[in-house]
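Every chain is named by a letter (A, B, C, D and E) in the order it is written, and numbering of its residues begins at 1.
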Amino acid sequence: MFPNSLKLLWGALQKSRFDNAACNIRGASRQPRFRPPYWYVPKERVWTDDYLTKENKQFLEEVIKDKLEAQTALEKKALTSPILNDVKKNVTWTPQTKRVGLIARKIGNYPLWCKDGKKVSTTLLQVVDNHVIKYIPPEEYKPMIKSNVKWVEKQKYGCILVGAENIDPSVVTKDYCGIFDSVGMLPKRHLCRFVVSPESALPNGTPLYATHFRVGDCIDIRSKTMDRGFQGVMKRWGFKGMPASHGVTKTHRRPGNIGSGGEKARVWPGTKMPGHMGNRWRTLRGVKILRIDTKYNVIWTLGVAIPGETGAMCYLFDTVLPLKRNKTAPPFPTQPFMNDVPKEYFEDTIHPFDEPTISYYEEI
Amino acid sequence: MFRTILNKLNPVELTCGFHTTACLNEVRLLTRLRVVDNSEIGMRAMAEGKPPKVICVYNKQRVGFIGDRVMVAIKGQKKKGILVGLKQTQKVKVPKFDSNNIVLIDDNGTPLGTRIHVPIPTILRTILKEKTHSKGADYTKLLAIATKFV
Amino acid sequence: MAVTLRKSTELFTVAKWLTRRDCRTLSSLPEKAKLASLEVTEKAETSRRRPKKVNPLLENRHAYPEFLPDPNPKWRNSLREKLERADMLKRRNQIDIPEFYVGSILAVTIADPHSQGKTNRFVGICIERKGCGLRAEFTLRNVVDHQGVEVRYDLYDPTIHKIQVLRVEKRLDDKLFYLRDALPEYSTFSFDMDPEILPEGTPVPINPVKVELKPKPWLERWERQELQGISNIEQYLTKKDKVRRELRKTPWEKYDLMKQYRKTIPIEEQTDIWSEVNSQLQQLQLARKKSTRKRTFSAPKTQLG
Amino acid sequence: MFPRFIQVVQHLKNLERSILLSLFGHPPKELALAVSVNQQPKPTPKAFSIHDLIGDGFLLAVPKFRRTVEKRLNRKFGWPEYVWKPFVPKTNLKTCHECGHHHEQGRLCGNCYKKIGKETKEIQGEILKKLGSGPIEQDVIVLYEGETLPDQQKEFWKGKRIVEMKKERPQWFSKNLLQKSTQQPSKSTDVKPTDLA
Amino acid sequence: MNQAEVSKLVSKLRMNIKPEHRRLKNLKGPEGRIDKLRKTVTGLIKFERIELNINRGDEARQYAERLISEAIRHGDCHKPTMDMANFWLLEKQLVHKLFKVLVPRFENSTVSYTKMIKAPKAQNTEHTNKIVLELRGNPYPDLIVKQPNNRLWIQNVLLDAAKYDYRQSKISEIAANIGKDTQLSSSSLTANNKGGTQKEES
């Protein structure tokens, strides 16, 4: 009895150390239902004071510099690879094709004006150091959640791992470094997989730019909403609360009744109650791109409803809404780097600031 | 009653303790308005210090915006009017006035007066034209008696 | 004791130093004498230590406050601010957005699809400037036909054809909302007012006019806001108002150093911003000066309001 | 003979007492000669029967269903993401480089800080005594017993006041004001084990 | 988006500032908070090293830094600054110390004027979080002693060996590549680099 319980306790303790979403234990004795993919590894390492000597610090910097050089070499190799250049001969874009997406950072909001003088609010998304880390073909790609049992046979999509924002390799764990090291890249702060069709495969190390999308296209944006903590029903679900006076005591912001009696004399699943609000993944679909800056890789999107605070990470991909989908072929599989692109692209209805003032004329 | 009389006599000394922070200044039920045309009933009501009261705002929100039709109680009668200037905060480039102004009209949209003696916003021109299309009444007659647009 | 070291000859110093321990017990008199001599030198030093010279670039902050970002760190992002400033300068290259302050009198001409001539001109006193970046706004107030009218404009709206400063001056307060409760003559300006051009190099004059308020009811409790530009507020206040005003005072806020810090952009960041935009702003200013020289000169009149 | 008589009397008394007890309940007081008339006779206790408890059915509060192992364990240990009942071992402990005691990562070593804090208090007291209540216009330099001032430029000493401690400088407190260590890096390369056995 | 205040100019503090201030627990509201902080700032300037709770210490640190930076910026001839010092320093002899001792000390400093270090936790006190707050350049013994001699520590010894291997492989590669095609070099370089980075995590 005693050794058995000790074993359980030890097992639970060990599990409790990992604070990774993938390694969450569901109860003390249950096995995880979903096996996370191999790139789901703990990223943050325990910070220690290393007290390295000056020479050794220099050596580490030198190694990182060498790795950066190797990475640029890989980039060049990817850009000259036949997949990217001979694309027009082999594969063409169809409306059913799934392209790779981008990882962007939300950097703020500011207004733009339409050519008819209307003011629109926009959100700025910056695309930082996006690189293709790896392409996993459909045969090897095993998604975590399978809705259909025979999905493996039907599977027609692979996936592409995309990383954003280079970081110092010494601040992340060895496991996380290994994902990037195996393809000769430096570790990135953010890593995300995009499900793609096999035609839009990309070689390792391909850089992705904001011009991957075009002005006027619609995209879906997935990111985490603002964390608002534990909130009551009035803020969380928009309940009305109760009156401020007329004999109401201590129940001004409470939900009131949560169900009827009889056979339903219990709390029904899904009842709207107080609880944690925000910090959830949400997707905003069909957001129009109004302007693209090619120098800083910034995308202006219509509206301010993109989830998350300023500085939040967003995943951008082609919209799945049937009416807002791409009608014509976008840059496929992606837009390679070009020297002679214009500095900025504007949507047709947007008034660029360096154009003369808007005036109206009498209709005749 | 007694208090109101006293207030009128010496409003400074006897201000009641109501809050005086900035409010929304919306035009809704029982708001007092200012008649700005020279219709006889309107002139008399304003001169007597009995400005009209809103008893219905004809839109979905029940809060009046520029160009909305309202029914007012004025001198014991029910009259319709059009809001031509609002106190509440407006959009950029739309003027905000120091009082809630109204022009009295009849059921066909014809103004009761012959002249509006305060400026009215230019955006009213577009709004009234749009409304005229949808309704039977012709509200653009109101624009013809305006003296000044801002 | 340490003073002994400051004697010029080294040998003497050493000798003193060696005998220091014995001297210490005698008395504190010689020490004090030396301290006094030291104070003289220190005083000379402190008087030399003047406050550092203020960077002339920083003076731009009064005329172009919208170039400074919102100090709230939640919304700060250097790239966004940079792009925003670039857009603002692009717009400023298209039309001349002059230097004006709260209290200046402006005439704004906009393209208006609703009006008959498709343009609309409004004249009024600027009672508020707010917002930063491309969101910068200003509000004009005027009394037309005995009816107070206020219009809010976006500073960088591309439908604005012309912003003309008819009289550039400052008032005693940062916000002039009390003009709404003041007598109408303080905010009445004729639409055909001629621009008054100040001679070059004169500092922006401050108009010390104090307005007279109408009796209560007011839109706000002006007595609690410590406003300089109101002359007759005391006569309308009740005893209760005065008591409440005393109760609501927050004298410690003046000393809250971090509250000030969180509301401002530090000098180091401002220097970066102004050095980025200064050359372009200077060019625009030069162009404006050239155009103003062509106009006729008229002396500023002293006028009510 | 006499003691034995007393014994017999005692026995008889006990017998009488036990009879009275069985008949009237409590024994009467020593001086009470007669039984109180008002006293109600106590009902004789019923013999215990299991039926009193059980009645018609079995009504003890017992669990109706079995609790699963999972539930039991969760109750026992809590939930790691919310409330975890057992102690969680600390993983952020480090060894102090100076004294070898353990301390938390990112915090001062308790042993060293105790030492430093004590010394700081002493110096603070000494400085306060020296400076008094007048305006403080000079920076201070702390010297210990039997120490001379280090060689410095004249400007360094300008406007400084010396505070002397009436004790020897502690071993661990660096003397040189510019170089923050007392230990010089050793030049010997051979490593010799000492204090063996 | 609000406009920044332009009537005052402040120097940037060389420390991280939270977007919002902490509300220290007190009955008198914001006024009481400022009173509390005044006492702490006075104590810090007087003793140059104090130990206190983290919330109060961190707030007081910001105010002390601001006070010193104002004093450095304006000097003692500036009346508002003198007024400010008079308000914040409850013992008036410290006003002299601020302008005559601390200003010369920190005039040319490029780092923050104060230091905040977490104090050790006392036993059985899980929730009290104490810190040591001190002015830089104080005469007391250092709280943290930097280790100059760390060459023989395990991580440095291992890294030395890795460095040697890395350089050797580089040299041999260059030697081998003299005759060969230069295109191959990049791929082999990447393979060799793995050894270096794996040592970093040791």
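The definition used in the following text is that a contact is a pair of C-beta atoms (placed from the backbone, for glycine too) under 8 Å apart; a residue touches a chain by one contact, two chains touch by 3 or more.
Quick caveat: nothing in here was measured; it's all calculated off a predicted structure.
Centroid analysis (C-alpha atoms only) places D farthest from chain C. Chain centres computed from CA atoms place B at the largest separation from chain E.
By number of C-beta pairs in contact, C-E leads when A-C and C-E are compared. Centroids built from CA atoms put chain C at 39 Å from chain B. Chain D has its Cα centroid 60 Å from the Cα centroid of chain C.
Computed from the mean C-alpha positions, the centre of chain D lies at a distance of 35 Å from the centre of chain E.
Centroids built from CA atoms put chain E at 62 Å from chain B. Touching two or more other chains at once are residues 119 of chain A. Each of the following residues of chain B touches two or more other chains: 92.
Contacts with at least two other chains are made by residues 100, 147, 151 of chain E. The residues of chain C lying in touch with chain B in their complex are 110, 112-116, 120, 122, 137, 144-154, 157, 159, 180, 215-221, 235-236, 238, 240.
Note for the complex: chain B touches chain C at residues 11-13, 15, 17, 20-22, 36, 85, 90, 92-99, 101, 117-119, 122-126, 147-150.
Those residues of chain C that touch chain E in the complex are listed here as 42, 46, 49-52, 54, 58, 61-62, 65-66, 68-75, 129-133, 135-136, 250, 252-253, 255-270.
Against chain A, in their complex, chain E makes its touches with residues 147, 150-151, 153, 155-156, 159-160, 162-163, 166, 186, 189-190, 193-194, 196-198, 200-201. Interface residues of chain A, counted against chain C in their complex, comprise 107-108, 110-111, 113, 117, 119, 124, 126, 293, 296, 298, 309-311, 351-362.
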